[in-house]
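Sending over a structure as structure tokens; questions will come in a sec.
Note that the chains are named A, B, C and D in the order they appear, and that numbering of residues resets to 1 at the start of each chain.
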Amino acid sequence: MTHLSTNRYGKSRVRVMKVVRRETHHAMKEWNVRVLLHGDFETCFTDGDNSNILPTDTMKNTVYYLARESQAATLEEFATELVEYLLANNPQVTKASVEIEEKNWKQAQIDGAPHATTYQLCGPEVQTTEVIRERDGAVTVTSGIDGLVILKTTNSAFTGYIKDKLTTLPESTDRIFATRATATWDYSPIPSSYEAVRAAALTALMKTFADHNSLSVQHTLYDIGAAMLATVPEMSRVKLTLPNIHCLLVDLNRFGQQNPNQIFVPTDEPSGYIEAVIER
Amino acid sequence: MTHLSTNRYGKSRVRVMKVVRRETHHAMKEWNVRVLLHGDFETCFTDGDNSNILPTDTMKNTVYYLARESQAATLEEFATELVEYLLANNPQVTKASVEIEEKNWKQAQIDGAPHATTYQLCGPEVQTTEVIRERDGAVTVTSGIDGLVILKTTNSAFTGYIKDKLTTLPESTDRIFATRATATWDYSPIPSSYEAVRAAALTALMKTFADHNSLSVQHTLYDIGAAMLATVPEMSRVKLTLPNIHCLLVDLNRFGQQNPNQIFVPTDEPSGYIEAVIER
Amino acid sequence: MTHLSTNRYGKSRVRVMKVVRRETHHAMKEWNVRVLLHGDFETCFTDGDNSNILPTDTMKNTVYYLARESQAATLEEFATELVEYLLANNPQVTKASVEIEEKNWKQAQIDGAPHATTYQLCGPEVQTTEVIRERDGAVTVTSGIDGLVILKTTNSAFTGYIKDKLTTLPESTDRIFATRATATWDYSPIPSSYEAVRAAALTALMKTFADHNSLSVQHTLYDIGAAMLATVPEMSRVKLTLPNIHCLLVDLNRFGQQNPNQIFVPTDEPSGYIEAVIER
Amino acid sequence: MTHLSTNRYGKSRVRVMKVVRRETHHAMKEWNVRVLLHGDFETCFTDGDNSNILPTDTMKNTVYYLARESQAATLEEFATELVEYLLANNPQVTKASVEIEEKNWKQAQIDGAPHATTYQLCGPEVQTTEVIRERDGAVTVTSGIDGLVILKTTNSAFTGYIKDKLTTLPESTDRIFATRATATWDYSPIPSSYEAVRAAALTALMKTFADHNSLSVQHTLYDIGAAMLATVPEMSRVKLTLPNIHCLLVDLNRFGQQNPNQIFVPTDEPSGYIEAVIER
């Protein structure tokens, strides 16, 4: 005998762009939304009974509809509205979650000032959020950033590690530290301005990364997390993933050259993987 | 005050290809390995003390070294060997996990028979495994497949769902059902042949998908899971993710044409997302 | 003074799937179409005069409309129909080209036989065509394949090359030869069956790759091209691009192991690039 | 009888990062290099004779070696040095070309100022160059940019185009204009500062895009090209490719809402394709 265990369903990659035509400029945001529902769906799986199924196509329409109705200025607020709407209108749903990625569009710099109606995509990173609510519980809001590609050319060392018969890595007191950072953080309580808190968190991340005298990726990760928590009182915990994107020092001795930390080969694979949660 | 919570680290995207030169043919496998360790690493994060840190570069070397030593014929066996080696040689490690993806290389068909030393990449799907062991616990082995792209042109309907003011989807009694399937399953007990069990599981998946009179993606997902469990006694549970990759019927009325389920536009986004675990 | 020189415009990535419901099975094809037009468009560029502009949206509709009307069984025939339609209906167009990629869908094997209505995506490669006609000229048809990933574990050597002060590559008499092949070929005259000719061409490609005693990628490329031309009398020339996807022999001496061509690291970058045209 | 026609070979995706440790900051650049050679290689193809073959592995080493020797401050200068080195050291080579992409790293802004040793990847676009020289000819240098993602929310219309029986696109006097711009331009004569000329060219591109009262993509493309030529006297011609990345106005009437150019669905496919060369 088999039975249905945990399950969820929804709609992924619902893209929506909203242009708010203000007097001074057009405020434009591009969001990529995923909606996921938990609830009483067992007979759909076992019997093909769709009477409790909100079509994923309707979830897509809900994103468009609410985008028009909404006054939300941030992805966190819009995700919260979506969660509330889905729970309020669908009694069969016991839990709803909405994830949003926001592309890094910025007003283009023209003649030294941001242009009122022209945007440029700046950076591979996306701003992220995940909002979850169980029907009888409180909303939880996670904010974050994904794909922030940063690099420091000095103040990064890696020494004193375990050596065994398979060790070939030489110690380094001055290596390149490159990463594609992912951070997500939880709020308690919800902040009064998601935008202000996000900006402060990312400033702390960048400043710590830049100034840190790194003894390992772990070492810098921890201090970044601590700095973010110190900066944002509403942040209860932060999860950081800092892959080590290796930039290999080229052996130029073979060609009669020295290489005093000048010529490197950046690589995509393999990469180190460092992940931790820092809490209060 | 902040403190370190959960953390892990390791090496991602370690690619290794092994060629075993048998008498009748060369057996070739290409694996992409991720190693992750949990353990006593707190002072590395907080103080930059690397004395308990096995470098991720050494993990990479361990993959190469063990690939040479190993007689493992399957990704599950090789992942298990890696987990055991890492625990046995690193007392500071409390838990090790290894994930492997195997590319879908098959012997090329030449003159109607598999060629002894020539391979062709067949299909976007990869075979997967994840093996985990806590130092004082038993090994758990998960097998799976990721990215299996399949499609049926009939025997798929979707009717009887909730209609509300945001519904625009018409009911369909004959639609295209396309998906990019991901499946993972756990064993209890460990099977005597991972390869035989995997083949049986995938055969059940494909046959159920092909023959099912689908009333929804959920409906087919459940019957696929049940068929896999019925086929493989060692399988204790299976998790299936079947995104609904929509193929939209084109409105040809605008051009004075009928479209009796002939002309579709396949789309990448948005897509439905259906996920469930089926257990005994 | 500046002026407009060469220009063209059109629609890219028009995806269309056609299901022909035959008695024995459903014949399904998925095409990705690009349409490009040349013609009298100068005032559009210089003055914003769109009176000679067929919207790219209409080109998209034309693909859908013709897909419904067409009896074409191959991508080459459908591309030719599109080119002819666009020229016949748009006097302002002096030259039309259509490129199509066909995904490698095959009927799924269920119970040892191809299933009538279920398909599986097999292989990353796509079948390709490019059809071009100037208004007063003849149609030219190019067929091809893109992204065919193949590998041979022996019968590949590379020795006797130039050595200079920057040489570090050791000679090899037995290396892995992996590539992601692209081939395109022209017809003169047009063959009676594109499908038969394509199958014969690819069989020759695969067989030569498998059996060749390769002294370099160039050496194998040439013999593949010669074999394709020998097999297909209607083929006037073939262009082959065979990147050398390096599989590096791992230095296991460091770990006290020998590595008799068993353990390799496959790499994505850098890669060799070998390209040539072979003609009659 | 078959024979070898045009051919070339080389190395793709050679990545190199150079860090110049200046007093005030570390100047860092990341380049992705492709080298291609033409020459007397026929017997390699036909007979497996490698005596005239410079291994592509050696080309890779040449990139590293020259990166160390070079004082080049721009990708154009470094590509030129590579071309000259390859021709000077390889008499069998009749023509050499080098393409380089430079990633868009910028010094990170920390405390309101560029940090001396920390970089952030800004934008998906890459700076590009292609330098070609035939042994007895002059060097030609092309500069460019690829993947510049920009968008304007107003001042874009598309009306007055051809209507036929397959037309469904409504005219628009105010649509979103989004593109992923590619530009390449040639120099005559070579400018005294590639960097200054590049900056001026891109400023002209951005300003024209932002301020243009666009009647079609073609219309804006032409004026961008004209502005670039007007700004940079050394630019002899510019080729622009401006795909039309469609942002579709959502039909909200179905939900009882109006949509005064506020809610759009950005799409990746299909996309318009507009390409032209503007010359003096």
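Structural remarks
What we mean here is this: a contact is a pair of C-beta atoms (placed from the backbone, for glycine too) under 8 Å apart; a residue touches a chain by one contact, two chains touch by 3 or more.
Note that the structure is a prediction, hence the values are computed from the model and not measured.
Any chain bridging subunit A and subunit B, meaning touching each of them, is among C, D; the list is complete.
A count of C-beta contacts for the chain pairs C-D and B-C puts C-D on top. Separating the CA-averaged centres of subunit B and subunit D is a span of 37 Å.
Subunit B and subunit C have centres, each the mean of its CA atoms, that are 29 Å apart.
Mean C-alpha position of subunit C lies 24 Å from that of subunit D.
Subunit C has residues 15, 61, 65, 166, 168, 254-255, 268-269 in contact with two or more other chains.
Put simply, subunit A touches subunit D in their complex at residues 15-21, 26, 28, 30, 61, 64-65, 67-69, 105, 108-111, 115, 117-124, 148-155, 176, 206-207, 209-211, 247, 250, 252, 254-255, 257, 259, 261-267.
Interface residues of subunit C, counted against subunit D in their complex, comprise 1-15, 34, 36, 41, 44-58, 60-62, 65, 89-90, 158-162, 164, 166-169, 214-219, 221-222, 225-226, 229-230, 237, 243-244, 268-280.
Those residues of subunit D that touch subunit B in the complex are listed here as 165-166, 168, 254-256, 268-269.
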